[in-house]
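In structure tokens below, several structures.
In the two complexes below, subunit A is the common chain; its partner is subunit B in one and subunit C in the other.
Showing the complex of A and B:
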């Protein structure tokens, strides 16, 4: 009985938190639309890849279109800005009251991110529609089970990215300038994730190396699922293997974050206190 | 018209003395953050390596990007690197503050100063963070051009320098106009993120894009004038219409930025009224 009460209370707390964050984000619709537009890089890259087709890539024009469109969509729903928010909250001293509340402060950020993603949804739909108007040859939708797997993969990709970025955010406890480190993490996130080049275009050695990092699971794997095209036979992912790797990364990063967070809070001096 | 455009030049000496003071103090305060400088350096190397990787993916298969050889494409990437360095030296540190001035009402103080307000807002600080990037960009341009042509014509180097200056002025005007819109819409900082994302197209020769985008990048967003034209100047491939066009775009953009600022000030009602 007490256990169900506990779970229900927790669920209610999250529902309230989520709806508050959603109301907050809805105020910033215009900015979020601009922010969604600032993810145009996959479309720029698509123009280049379609103009200079590589031999033996295994992706024709429409397939490239669907891949980069999916990469854009995946990026929209996996963008994480916890480092900036956390740095600001630490410097401004807002973190101290959060730490006193009976809710892990990171949940507040998770809710804010999810609310922001919900606000993005209409713009992303609009961009997808515009894309298919401009490239009608690429028009194709993934089968429902494939779509479901894709959405699941996007959720897990967001989880991995959030854990990675939160690890960096935790460094705010030691240094006030963790955003500088976030800039470094951005580089492999851009170039190894499949956002600017499909992994199939990498030489096999480099593709294997990239697959040993979490980055291809942030974009390439969910994007290949969402695109609805068959997964590449060699040098790519299998559905089971991809999800296993994602689960593995979460299993590694989650305890690491928990450890670093605890060490950080112990070290936290509270600005101005 | 000319007098109005060159208003800051009227008392050039006073502006130059101010500039020396501005930059001296900002550099002195940055020496406090050596760790940041180290991270910036790492980020620069990482970003360049990523861009090289993308170019190499095409080159290793023998596919030229829009008819540009590997070395030619490197010259374009070099020009892009110079301009990114310029952005982090001057544009980012100065123009990102206009939003804050509007939000916090400190723009009133700037307008009261006995100095041209656009001059003050555009050149108040300088950051050393972009200097290595500018140097590296020039080295990359010259090195790749030597590889492509065997020798360098001093006239071509001078023309390239002039084209880069024109590109820098155009880039400044674009940023400044976007930053100025914050007088009307306080939160438009995300618009510069969109600009930054679209300008990444300048990493590649404009010929690498399909015709429709090529027109867009020439007539609407002058990406072609930012990186391709300086590269062509160094490679002695620039034709008179493009050189003239580049200068005209720079002058036009600068005049527009000046006029737009004056217009915005007429709408500015200060923070407390």
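Showing the complex of A and C:
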């Protein structure tokens, strides 16, 4: 009973945080629409891949279209800007009141990201509709179980990305300019996540190496699931293996974040406050 | 039993020192020079539940650092610290529910949304249910004379309205200990007075303990019977404000308006002649001697008017901060 009440209390708290953050994000809907539109890298890559297809890739034109559309959708719902926000809050002294409330400050950022994702949803739907209008041959939807697995994978991908970026955000406790360090993550995210090419287009050695990092699970794995097309053996993914790897990365990153956070807070000087 | 106890409290920061110019920059890049800055040095005091204590000191004296230590924002370098039965830096839930920190120059309200949204978040964070939250919001809004403002975006509110809404957000969970850092900073005289009234009222109604820093002496004189004075990180006075006034200025200033100018020598037996300006004279007379001296003055001199003034506390404390110590009273 107590445990149920505890869970319900937390759920209620998160719902309030989410709804207030949603109201906040709605104030910036035009900016969020522009951010959604700016995430068109997968479509640029699609155009490149369709103009010069790689023989033996195992993906025909419509499949490529569905993969990059899915990559776009995954990207929209896994974008994380916690480093930038945390840096701002630390420098401006807004972190201090958060630290003095009985709620881990990172939960506020989780709610803000989820609210922003909800604000993006209509724009993403519009872009999906436009895409299928322009590429009717690619029109296909995943089966409901596959869609469900895809959505779950997107959620886990967001969790991994959030944990990765929060680790960097924690470095604000030592160096106030953690956004510079975030750029270190940008290159592997761009090239190993499947944003510029599906994993089956990677040289086998590089694909194997990539799968030992969290990056392909940020885009490629959920995108393959959402596309509804069969998971290619060459890509190195299996449904179970993919979810296990995601769970493993979360299990590694979560305690690491907890350790770094505790060490950082101990060092916090509340200089901006 | 004290609700706030600090014993030998210390906090030092390690800061990089850099010389100006290109050579200084290169040296800074290649071999950084660190300095330990002692922001708080061996500070000890206790505050009883329900007390309202003023915390005074010049800029950089260590007031805000001490408040950050007391509220658990930063870890002390040394010493013993206990607030509401907890060690602040551990930030346990029961400690966080017992305290609040308001910083006049910082805000916790969400800038683009009405204060009510921030209040909803705070209610959820502290686990206050909706009906209780509504009741507390109504009560605080009534005390702070806020109404429609709570539904307007924070960015559209005046500074005074914003500070009042900040206080609401900080007090919604009914903390037992309030750390207030310059809560009236930048407010006009009326808004300052309203915030002061509210704080006095809140203290009376709830019995909350308040530790207040302010550059406005009016805040301190209106609210704090006891003050702590800090200079360069060290506490050098802890006691009543009236006692401090007596120790700093054991005299009264008497302004005389005479029928004709009188030489200083004729006034000297009554007190120290501070100034003479035609038929007006200003004398400094020991507090205990004032009634007797005034009787004699009125009997001996052609006095048209007289005025007895207490020295302004701002002036006295300003002088004290420049001096940095308080002379011991004669035994």
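To be clear about the criterion, the second predicted complex is superposed on the first by the 265 of 273 C-alpha atoms of A that agree within 3 Å, B and C clash if a C-alpha of one lies under 4 Å from a C-alpha of the other, contacts with A are read in each partner's own complex, and residues count from 1 in each chain.
Rule of thumb we're sticking to: a contact is a pair of C-beta atoms (placed from the backbone, for glycine too) under 8 Å apart; a residue touches a chain by one contact, two chains touch by 3 or more.
From a predicted model like this one, the values you see are computed outputs, not experimental measurements.
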If subunit A is used to align the two complexes, do subunit B and subunit C fit next to each other or clash? fit
In the superposed arrangement, does A:268 touch subunit B (first), subunit C (second), both or neither? second
Centred on subunit A, what angle do subunit B and subunit C make, from Cα centres, as a multiple of 10°? 90
Is A:146 contacted by the first partner subunit B, the second partner subunit C, both or neither? neither
Counting residues of subunit A in contact, which comes out ahead: subunit B or subunit C? B
With both complexes superposed on chain A, which partner does A:93 reach: first (subunit B), second (subunit C), both or neither? second
Using the touch definition from the top, say if A:17 reaches subunit B (first), subunit C (second), both or neither. second
Once the shared chain is lined up, is A:51 touching subunit B (first), subunit C (second), both, or neither of them? first
Quick one: is A:27 in contact with subunit B, with subunit C, with both, or with neither? Answer first, second, both or neither. second
Is A:190 touching anything from subunit B or subunit C once the two structures are fitted on A? First, second, both or neither. first
Once both structures are overlaid on their shared chain, how near does any Cα of subunit B get to a Cα of subunit C? Whole angstrom is fine. 7
For subunit A, what residues appear in both contact lists, the one with subunit B and the one with subunit C? 28
Subunit A contact footprint on subunit B (complex, rising order): 33, 35-36, 39-40, 42-43, 46-47, 49-50, 53-54, 57-58, 60-61, 63-66, 185, 187-188, 190-191, 193-194, 196-198, 200-201, 204, 208-210, 213
Listed in rising order, subunit A residues that touch subunit B in their complex are 28, 30-31, 34-35, 37-41, 44-45, 47-48, 50-56, 175, 177, 180-181, 183-184, 186-188, 190-191, 196-197, 201-203
Within their complex, state which residues of subunit C touch subunit A. 13, 68, 71-75, 89, 91, 93, 96-97, 99-101, 103, 106, 108, 110, 112-113, 117-118, 120-127
Parts of subunit A lying in touch with subunit C, wherever the complex brings them together: 9, 12-13, 16-17, 20, 23-24, 27-28, 93-94, 96-103, 266, 268-270, 273
